[in-house]
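Across the two complexes that follow, chain A remains constant while its partner is chain B and subsequently chain C.
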Partner chain A sequence: MQVKTPDRATAEPPVRTDPQHRRPRALLWHSRTLQGLAYATPTAVFVAVLFVLPLLLVGQMSLHDWPLLAGDQGSNAPENYTDVSDSTLFWPAVRFTLLYTGIVTVVLLGLALLLALLVQESRPGAGFFRTVYFLPGALGLASASLLFWGMYSPTTGPLSRTLEKLGLVDDPVSFLGTPTSALLSTVFLVVWKFAGFYMLILLVGLQRIPHELYEAARMDGASRGQIFRSITLPLLRPSLALSLLLCVTGSLLAFDQFFVLTKGGPDNSTVTVVQLIYREAFQRLNLGTAAALSILVLAALLLLNALQFRGLRHADES
Partner chain B sequence: MGSPPGSQGRLRGRSHEPVRRLATAAVALLATVGLATACGSGDGGSEDDGTKAADAKGVDDGATLTMWTRAATRPQSEALVKAYNAGHENKVELTVIPTDDYQAKVGAAAGAKDLPDLFASDVVFVPNYTSSRLFADLTDRIDALPFADDLAQSHIKAGTYDGKKYVVPHTLDLSVLFYNKDLYRKAQLDPDKPPATLADWDRQARAVDALGGGVNGTFFGGNCGGCGVFTWWPSIWAAGEDVLNKDGTEALLASGTAQKVYDTYRGWVRDDIVAPGARDETGVTWTGVFPKGKVGVMPMPSTTLGLMPKDLDLGVAPIPGPDGGKSTFVGGDAIGISATSDKTDQAWNFLAWSLGDKAQVDVVAAHKDVVARTDLASNKYSKADPRLVTINQLVADGRTPYALKFGQTFNDPNGPWLTLMRDAVFGDGAKVEKDNEAVTASLAD
Partner chain C sequence: MRTRVLGQTPYYVVAGGLAVIFLFPLLWNTWASVSAQPGTAQESGYGLGNYRTLLDYDAGLWRYLLNSTVVSALTVALTVGVSLLGGYAFARFRFPGKNLLFLLTLAILMVPYATLLIPLYVLLGRLHLQNSLVGLSLVLAMFQLPFATFMMRISFEAVPRELEESALVDGCGTAGALRRVLLPAVRPGLITVGLFAFLAAWNDFIAPLILISDSEKAPLPLAVANLRQQSMGAVDYGATEAGVVVLAVPCLLVFLLLQRHYVRGFMSGALKG
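So, the complex of A and B:
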């Protein structure tokens, strides 16, 4: 009796000399491969058309002289790339974006962890607070930014007027009027909006830690701090890693909040790299340079993400 | 015998397996269909034969025309569209776009060849659009109009490229001083003697500010480049000077006259004569301060005259220069037919009507707006309100600056003009020369 074992997914169905004895299993396997391909095709088409093609197009744009209104004018490589650093706003924007990312990541993840620890027990009211903390996440970022823009307005917003009425300040407070206050006000908005979201991620991670570990540690006389450092944090690593990745990527690509609240002001102190891309494309009407900038941001993101993955994996293995 | 990877015994009787597979297949099918339809683009318009006999009135045959306008000139556009739709078979569908986003939207639509039939444009951006061939050639049609020579020439000039005309005036927005007569009386100023020089303006603003009680002398958009060119440049023009060279590639914004203007504003900021919020005002709410009745005198757009509260006793005056003179920024919107439209004749029907006697007098002038034709400057409505006569007459003393890189230099919130403005007025004014060079660099880009 012949025993044929196709051992590779791409193996051809076994060659039979006797057509009437085709094994039904092989036929089924062959049709399952086709089925799998059929199910995967729409996704592949999606990815190809909505991601790969635009990416290639942006790459092409970055190598061409491409004004927004007049269209493709032909190649001018690598001018778009070398011109990037000519803009006086480029390096300050890079520095500011990195600074902002650092601040937001630390504050946001720290607060999210705290909130998750607070609501992880099934105490009465925990469910209510979980909802309340998460609620701001249901707003779109642009809507939230508009909301806060209205609130921060020194002349028409409620915050300033309340502070004046309470006698805490004499003049209308300009929350977005200086570089520092603009940055902190925006950080406040972002933390308010996303703390609940990251709290949820960390909450899921917290709830996966087996209670027996805590009990065992408590029986051994460990303090809360020791428990937190030696049990909670290490076992929370995957959730923390995910949160870190999302937070860093999102912050590096920050645009909506700054565009709505400050438009990069006051005095170009809150310009982020994505805002530079927007400005290149729609103010300076030049898609070629905007595309070059986009490719550079993409490269930086890929690099940073690769580094994060590597760092977290090493930490895991150790 | 092993089984190939990927087929690990999922066939064994899982009862919901067929349903799940069906559902997955359905989703995949829907996705593919959705993708296919999403990729379908709108139908391309048929090429309009531009050599068809240019009927001066266009065609009114029940077509639907799409039109875009800026939020800043929304009341005027809406009034014209409403009146046109009421009396014609063609219907214009107007979309109002936030002023700040307008350039970007037009740019994006132009790139996608998806512009509406008609689109208005801030007159300072028109050179961008004509040089990129976004508008249809209207030279013959404009010249066929009986009142062609009486149209506001600064708008026609802004829309002329390579000897061809591409736009007609749509709304005129002039910068004029508005002053609060009630506050003037309270401050013991003559309500019929508005400022004739920059020094007068300074004195009167300070007198009103001294009233206290939440009253301020003046206001301006301190974080708004567009507001700055609109309200500060007339003072320089009133002195007979230029702010740009003829081609719009060099800036003259550090001149002695310009410095005098900046000095006056800086003094107001230093001495708190300006209403709060000026430093942060990005242009979104700058015209909402005067109607509250607590500001003495400030330049405002003439298009806001018809929107002022009825009980606000306000007077208007031309913007003066350091030693007198008068001028204005002839802004507003010009409008053209997009080059990709297939309804050029119908669109022209709307444009020709909007410049005709009935529209200009009964719609534009009736709303206390500036008419686009100098032969109608004195009409039954303007005669009823002497303020309108003052404004209408100002068109002759005003200018519309021309620069290809106007938007990215002067309107861009991250651009060099805003930096110059804020250094000159909120700083100590020492960097104006250097900032002016940055402006020139941007214009010559």
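So, the complex of A and C:
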């Protein structure tokens, strides 16, 4: 989306002035301007009270001693931040969150691309497949996690029982029992839930590629693999970049799936950073350290987004 | 005709196999919720025992359904109302601070959910909106605003200006033009915004987990998640499965009915916000 700068600004002398301030007052408060302000007021109130104010408050909280029950106890900076980085759970949580993000991103986007390629074809049934692949996306993440919590049950879940009946395993399988299996089981759930969502984003990108390009390539005798590598993938890059951004951001902020499925276990092996925020605030009852963690997460995300944008722009230029 | 990745039979084997994997958990859960399992209310045969457990659990299923319905309806109404007016303002008017406000609205997307929920917990307490369904709805609507405002702005921008101007010439004020002429023209965008807001509000978990402390006021996802820890450590899988069905059915129905409008959200590029 473009930010419109008033045309007049370009004709002004190098002194920076906002052209709006130099207009006659009567014109500035022209009824149409007032009406525009009036229509924008609800948005402005929402953004100011529920977004800007909390953002300032969380900054302040991160510098104050702020127990959940007693409230603000005044400044203790930078104790909350040092407490966070000294916590034994902090670095393992960071490492685990990064590991989870890496695995989910690769598997999810790979599968989503396959699904998008499958449903873009003009075959009978392609529309049905598109709906079916997306269906889990309509569920909430918490609902999906509760569903898989039942699926993964060693006693009543269908997976363990099927494996036993097939003779592949002797004892009930505990899908959430070891750190590795808990991680992989959660990845499977997340891929199942979100693959259709990213499929839709990539599908939109695929449909924007002009037909003529494919036809020209085929006339030139290009193979399917060549067409995919030199037409589909490069022209799909904007959609892939958007998917990457959404997927990485979403995974770094993972909470529901681990809260419901593993509760961070076994042995705190699947505690994500956002779960740590929740624990600090509502189990250790310390809003100050929770706020400090929140600020760190915000800073990390902003940095990551800036890097991704720069990387993308760099790639566009080359 | 697009490129074909696979031949006829391999295509249907791969696509069909994947369809089975995607459908199986939904089908299994529905079946399991009405079939016999030890340790549940449905010890033998098929029946609705698990749903009866859910009806009697704590404040009762109807209470939780009502909470979820209230939160979803309020969130949809707030999101649709605010973004309708805001989209109109951003698309058709010039006023001081316009670009700053639009950028700030989109910036909500850049800030993690959890980063805002901790201060919102304190802030809503000061406004006496903590532990309140209204407070929760306000927060959920705020998180919807970037997508909704962007969607409505481009919906209004797609309407020819002449349409609005002829209404203004005919003596309608801008409010009249909005109600009589523009509203029908941007209705598809509004439906998309409302649909996304409904799915987000109905399904949200972490916001009520943090902002709602009274189990009487829990929305359904929170109630079903709490239900698992009932009855002395023994886990009631059956009631959980029934809860998932109750949670999923409205989402699936709404999605299947309004699929066209859902896909528009992706086509518009609004997700690129």
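The rule is simple: the second predicted complex is superposed on the first by the 282 of 318 C-alpha atoms of A that agree within 3 Å, B and C clash if a C-alpha of one lies under 4 Å from a C-alpha of the other, contacts with A are read in each partner's own complex, and residues count from 1 in each chain.
What we mean here is this: a residue touches a chain if its C-beta (ideal position, glycine included) is under 8 Å from a C-beta of that chain, and two chains touch if they have at least 3 such contacts.
Everything numeric here is computed off the predicted structure, so don't read it as measured data.
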item: Contacts of A:Asn268 with chain B and chain C, given as first, second, both or neither; value: first
item: Which of chain B and chain C A:Leu118 touches, first, second, both or neither; value: second
item: Which superposed partner A:Phe46 touches (first chain B, second chain C, both, neither); value: both
item: Which superposed partner A:Leu287 touches (first chain B, second chain C, both, neither); value: both
item: Chain B versus chain C as contact partner of A:Val190, first or second or both or neither; value: neither
item: First, second, both or neither for A:Ile201, with chain B first and chain C second; value: second
item: Partner chain in contact with A:Leu57 - chain B first, chain C second, else both or neither; value: second
item: Chain B versus chain C, judged by how many residues of chain A each one touches; value: C
item: Chain B versus chain C as contact partner of A:Pro172, first or second or both or neither; value: first
item: Contacts of A:Leu69 with chain B and chain C, given as first, second, both or neither; value: first
item: Chain B/chain C common contact set on chain A; value: 3-4, 28, 32-33, 36, 38-39, 41-43, 46, 49, 71, 153, 156, 278, 281-282, 287
item: Touching residues on chain C, where the partner in the complex is chain A; value: 1-5, 11-12, 14-15, 18-19, 21-23, 25-26, 28-29, 32, 37-39, 81-83, 85-86, 88-90, 92-99, 101-108, 110-116, 118-123, 138-139, 141-142, 145, 149-150, 174, 199, 202-206, 209-210, 221, 224-225, 228, 235, 237, 240-241, 243-244, 247-248, 251-252, 254-256, 259, 263, 266-267, 271-273
item: Parts of chain B lying in touch with chain A, wherever the complex brings them together; value: 1-7, 11, 24-25, 28-29, 31-32, 35, 39, 103-104, 107-108, 110-111, 128-129, 132-134, 223, 276-277, 279-280, 282, 285, 289, 407-408, 411-415, 419, 422, 445
item: Chain A to chain C touching residues, read off their complex; value: 1, 3-4, 20, 28, 32-44, 46-47, 49-55, 57-58, 61, 71, 115, 117-123, 125-126, 128-129, 131-136, 138-143, 146-151, 153, 156, 158, 192, 195-196, 200-201, 203-204, 206, 211, 214, 224, 227-228, 232, 242, 246, 253, 255-256, 259-260, 274, 277-278, 281-282, 287, 290-291, 294-295, 297-298, 301-302, 305
item: Residues of chain A defined as touching chain B within the complex; value: 3-9, 11, 25, 28-29, 32-33, 36, 38-39, 41-43, 45-46, 49, 67-71, 89, 153-156, 171-172, 174, 176-177, 263-268, 271, 275, 278-279, 281-285, 287
